[in-house]
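Each chain carries a letter (A, B, C, D and E) given by its place in the written order, and its residues are counted from 1.
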């Protein structure tokens, strides 16, 4: 993950702090400093941390890390610093310096050592410095990268020394980059500088770009300046390219959300012809199911989704079957009336959720395997949850295709929706087919809800925010055509994301809507219309 | 032949509800107006200004429902975007009212509405020009939605966009309008919309007399629209419209340009909706982009369905009833009224497939001694 | 002028030029659906006042031909002219109907929510414009016309019935009635006697022969007895083109026609 | 009547129910508490709850219903500015009294309304000062939902930042619609904007439902509070209760109240809230405190005036003091806005805020911003001799409407 | 085999069938005739359970059909070719045919070749949507679809409507064959006398919702025709 530049303010402070340290009275010993830290105010902590770093050196790593992550505590009675270690549902406290467990201390006896943003920044920098020597090459590499914005002579010296013994090529590259950055600025020989700059052109990192921008602005050495301009051009070209890929991914990802939202509707509406205004609420039920599942298994958040998906399918599907049996089946041949009834149902479901779960949003946690992003390069990283949802949407889609194409259900559903009486005369159990189809569509909506719970609010309004988009996608794709739904969802997603940087989010949505309206004039039955005499 | 049979042999009776409707509407309105203005506040017969304002709102909704019924009930065009025409009419009126505020706004700017002042606009955008003249503003309140309906209808009907495709496109239309009007750059007050109106044609909007007048005018317009729509639906034009609903391709083979029939009906309907919007705004005191929201448009359709589509009085009754229910429910059951409303919708669909109007018709048909007109003997 | 007409009015009535006695020219028309050729370079000429029978196997393209003439289907190529001067391919369905080309569909399509009377009223030959119909009233002449047609189709008693409640055969009659009141120059009639009893079939035959002469009639029918009773010229379609044409006897003895259509001992 | 009726005008359904229904409960709790103390002027308080259903015209209608049909003495209600704007004409026509408890864009002072939430100068300006001075922020993203409150706030902030020498190129402004949920591109743009080597912060006036997906996207794209801190004006404890806050630790919010502040009053308040809602985990938040202060002040004012008559209560309100839940005294000023302290808090892993900065003393709410050209000369003063909501100090006249 | 006893049927308030009695013998081929609108189609729909019976009983052998749901009746061996074909328009020809498979006793998974022997055109058009077929092709599909179910009773409502002459012959041959060699009971509604005479073994004449004459086909006199079929 990308580390950003620390503030200049902070660098200034470091210098002052160091100067101050030299001139001041002899510093208190480590233990004393730690006790001071335990009771220090937020304003005093930075100075203490700096002193700890100076005194404690690498041994301070666990303490710094704990402090940054908010797991550093001080024992109320003794002001000893302890680190909380999560051990299932019970927390264990270890000594901040020695790492030995501290007996007889519970969470009631300790209070957190306060940190704020400023301190976290300072700590991160110190941690990185220590981690240059970490045994783990990945950590070392990260450490180097996070120091790029704060290169100074001592650091460069450290890096040069470390570079000699470094074995991991990844870390070597990182160190070379740092050294090249240093050379590019500080070398006395213009040729060296130009060479270094050429090397830098291979990196997409923001720190490099900022440095090159600075060089570009400095006219004192024309060839250096020219090299910087050239390097920046190369970098820009690549980053534009990655930007496109990024945007494309955003579009696909938005498309996958649209697809998930629309796919259940493509069945209840597209195939069965029910104008299902309660479709959104089925997604909402799925999302709430995820919430309940996580409540039930608080220590297994990572696995919770695997339980939530079938659970959501069952809950929403069962609700769908219930709705079909109690209401929809009395409305055969009156498709427009289903709008009225399902709208009523959607109002009821929303209010029911408000009554049961309160009107507030519920918290659904992200499993760790879906958090964060894969960084392909500094200009292009893909968030994992989006990637998972994209894959998930496609899987759901193809499974559904399979069910509809390969089982008799698919055929029966279509037969019933086209001619109910004749289907009866062919021995098709229309009642069961209806219930199962509506249940299937609703169940898929429920599954979509699980995915949405990872992206957005789990609240009573969840369904409302997707219902219009869902209808739009189904209609744009062509009612009754599942493949159309797929293409429509991705088209709209990608179009939206390519427009957005140009026009802004609101105008992009408006333009997409206008585009759909105009498009339908050209193809009045959507992207993939149902063709033939019967469709007229 | 063997056609003895009352129900189907009965001629399609001309909607004989016109006179009763107009009479009841006029009487009720007059009654309420007098009870507000003449009966002293203490009396049991006094009708509060609150009630008058509510009635006025319901009546504009009724007019809106009528507009939807004309296209949906008679021509099968399920518009899920009529809120857009309503809102545009409302904005037309709102802009006029806004300009009437003059220096009485919070910043005292004689020309610019408050929201423009605090967004630091220097002059009135061109589309606000002239809106301080009532006739021009009203013309715009009709012209703009009418034109929008015309352009949209012309494009859609000519390309033969029908059924759910059309419904969803109307929804997209109103949704796009909503997003656009939410934008502050549009110059219509963004999310806050237009509000803080003072007077209309020089009359203070907050007096009882004005409220009663607005209510009465709304009622008159509703009656007029009812008569007009009745006339249209009874004419051969109306028969063609209904035929289009049941088999548009076949109507074309009879030589009718169905796209034009639909366009003009759509425009007519949009104009009714715009009038409703224009009457609605001074009575509720605010117009904002929320009126464009697709859910609003869906609700209108539901009023019509509850009342019974395809009958003009059904639409009116549905709008009055559902909105009255909403007013009552939100006050009596603030926490659970959505259950009640939702249940109402479901129950009506299940047990009154033709809406309340259907119920009424059945009653009439069943009344002993009443034989359908022109009954054919076996 | 025709393509972009101001949306308020109907087409100006074009004068039909019948100077070469032919009323319908279908030349080189092809229609294909997803690669399947329903009509294949079809040529057909019909004289004014003629009663032409069109027969041919199921799927030969008869209905498709009517679709092309009435503007419902655009052909891939070819020309269709009404009289000398009117290019039907450039016209909309409504225009074509107003020119005086009426059609009865294979599957009866009547307006089910309208009474029999209203169905006929709407089909009347009259101005089809919007303003006109907003104020139109039935004239005495029109009333008589409708009454006359009602008695022809035998639905006097059902005049106020909703068309949706008619039986299949009654709908067939109503549709014929709708065609009659519209007073067309060219009638395209797709399988009029399907579902009729023998007696009714005879009546239909009388009706159609009566119409011919004054009007031009093209009838599609599979009932050979019926065709024989009315036919002067018969055209046989096969796989989208004309297979044979001539009098009933000529056609009936045509070997190909027997093979693909009539069967050995028809 | 033998009771004093109190109107409660908060949406219990529709999009705003998420925020507003809590305030309904708060008012009910306060009424309950007051009744336990024996009511007011010897009468019991009786709540009249209605549901304006997040529908703005309905707010006006319900106000009319509350005042003219139910004859309430005061109304506690509204959240969005548009609902307040919708209600204003009715209040003024029927001379009602509204307590409005939410932070808002200012530019208003009505005789019939008391504004107990923060004006921009009580939230936005101190927050930006903190970012600038304490975190050394040089580059600014002003991200908001596209409506009046964020627009105005950002206008004020833009003017303010420029007055502090920030260049145009260092300000990025972005608006999104209500309920916006696909933040990928915008967050990615922010990330790019923030990688220019200068300390960057986001000032967020993103409202309501859009926040959860925004923060989730921030977390997933790996923007931590050390990289680009986000300072929010509409994200409180309640909004956080719907998010997993671990990835958000260190992001900021500016309010006049945080649940985590340890004062005896706050402890008591939280305890009562838990007891009232029968939910020991229910959070409290800033608009609740604003409701609390408003309610207490109203009670005091009624006691002082000896009547619930709107005009008398209105005058009695001015100068009323109530202890803040976070310490110190809130005071109602002549412009119907409160003087309150401003707190900056950082999000913690447990969904609470840790106060990292606090103004010295209280900040009086400005009805009219000093940074907008149209209103910098305006003040509101509802005491004689000025007695109006928009007095121009230059021309020495009340302009526009007189209420 | 099939009996109607005092069957009454109403559409809304309109009575169509009046105390109708009817008997169909097993293995026979019975032609139901009558003018337009006398209730032939209605009668068949009652038999198929598609219309509710107001009063009276319909039996298939010993089974009282009134209590059997419409979906179950095909499993009792009834195949139905409705008037107007009622093809599933958006399903392909193949899919239309496949729908009948689960009803078969032998649970075959393939459409029997027999169907394509009877109606070769269906084989050529397997992948075409049913709705795109020409009227006559659809009629053949409708019959084929009923035959896929291997019914013991085959009900045909005006099967020759819109069919080319040689196919009409063929259909006649098929019906005869099914009836004579495979013992299928056939109920045929037919207007065309020639065809009725050729394939029908018995006739039932209907008038105004009642059966007014029934006998074997050779007894169908001109007198009866004039009385009940002429207009």
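We adopt the following convention: a contact is a pair of C-beta atoms (placed from the backbone, for glycine too) under 8 Å apart; a residue touches a chain by one contact, two chains touch by 3 or more.
Owing to the predicted nature of the structure, the values given are computational and were not obtained by experimental measurement.
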Chain whose mean Cα position lies farthest from subunit B: E
B-D or C-E, whichever has more C-beta pairs in contact: B-D
Chain occupying the most central position, where position means C-alpha average: B
Centre-to-centre distance between subunit D and subunit C (centres being mean Cα positions), rounded to whole Å: 74
Geometric centre distance via CA averages, subunit E-subunit C, whole Å: 30
Averaged-CA centre spacing for the pair subunit E and subunit A, given as whole angstrom: 63
Centre-to-centre distance between subunit D and subunit A (centres being mean Cα positions), rounded to whole Å: 30
Subunit A, residues touching no fewer than two other chains: 350-351, 464, 506, 509, 531-532
Multi-chain contact sites of subunit D, meaning residues that touch two or more partners: 12-13, 146, 177
For subunit B, residues that touch 2 or more chains besides their own: 1, 3, 8, 179, 182-183, 249, 335, 338
In the complex with subunit D, residue positions of subunit A that touch it: 1-5, 7-10, 42, 70, 114, 116-118, 120-121, 124, 149, 206-207, 209-210, 213, 246-247, 250, 253-254, 257, 350-351, 354, 358-366, 371-373, 381, 383-386, 454-461, 464-465, 496-497, 500-501, 504-506, 509
Residues of subunit E defined as touching subunit A within the complex: 48-50, 70-75, 80, 82, 86, 88-91, 95, 98-100, 102-103, 129-132, 145, 149
Interface residues, subunit E side, partner subunit C - complex: 11, 14, 35-37, 41, 83-84, 121, 128, 132-137, 139-140, 158, 161-170, 191-194, 229-231
Partner subunit A, residues of subunit B touching it in the complex: 78, 152, 155-156, 159-162, 164-165, 168-169, 171-173, 175-176, 179-180, 182-183, 249, 294-295, 298, 301-302, 305-306, 335-336, 338-339, 341-346, 348-350, 353
List of subunit A residues in touch with subunit E within their complex: 408, 411-412, 414-415, 418-419, 421-431, 480, 530-535
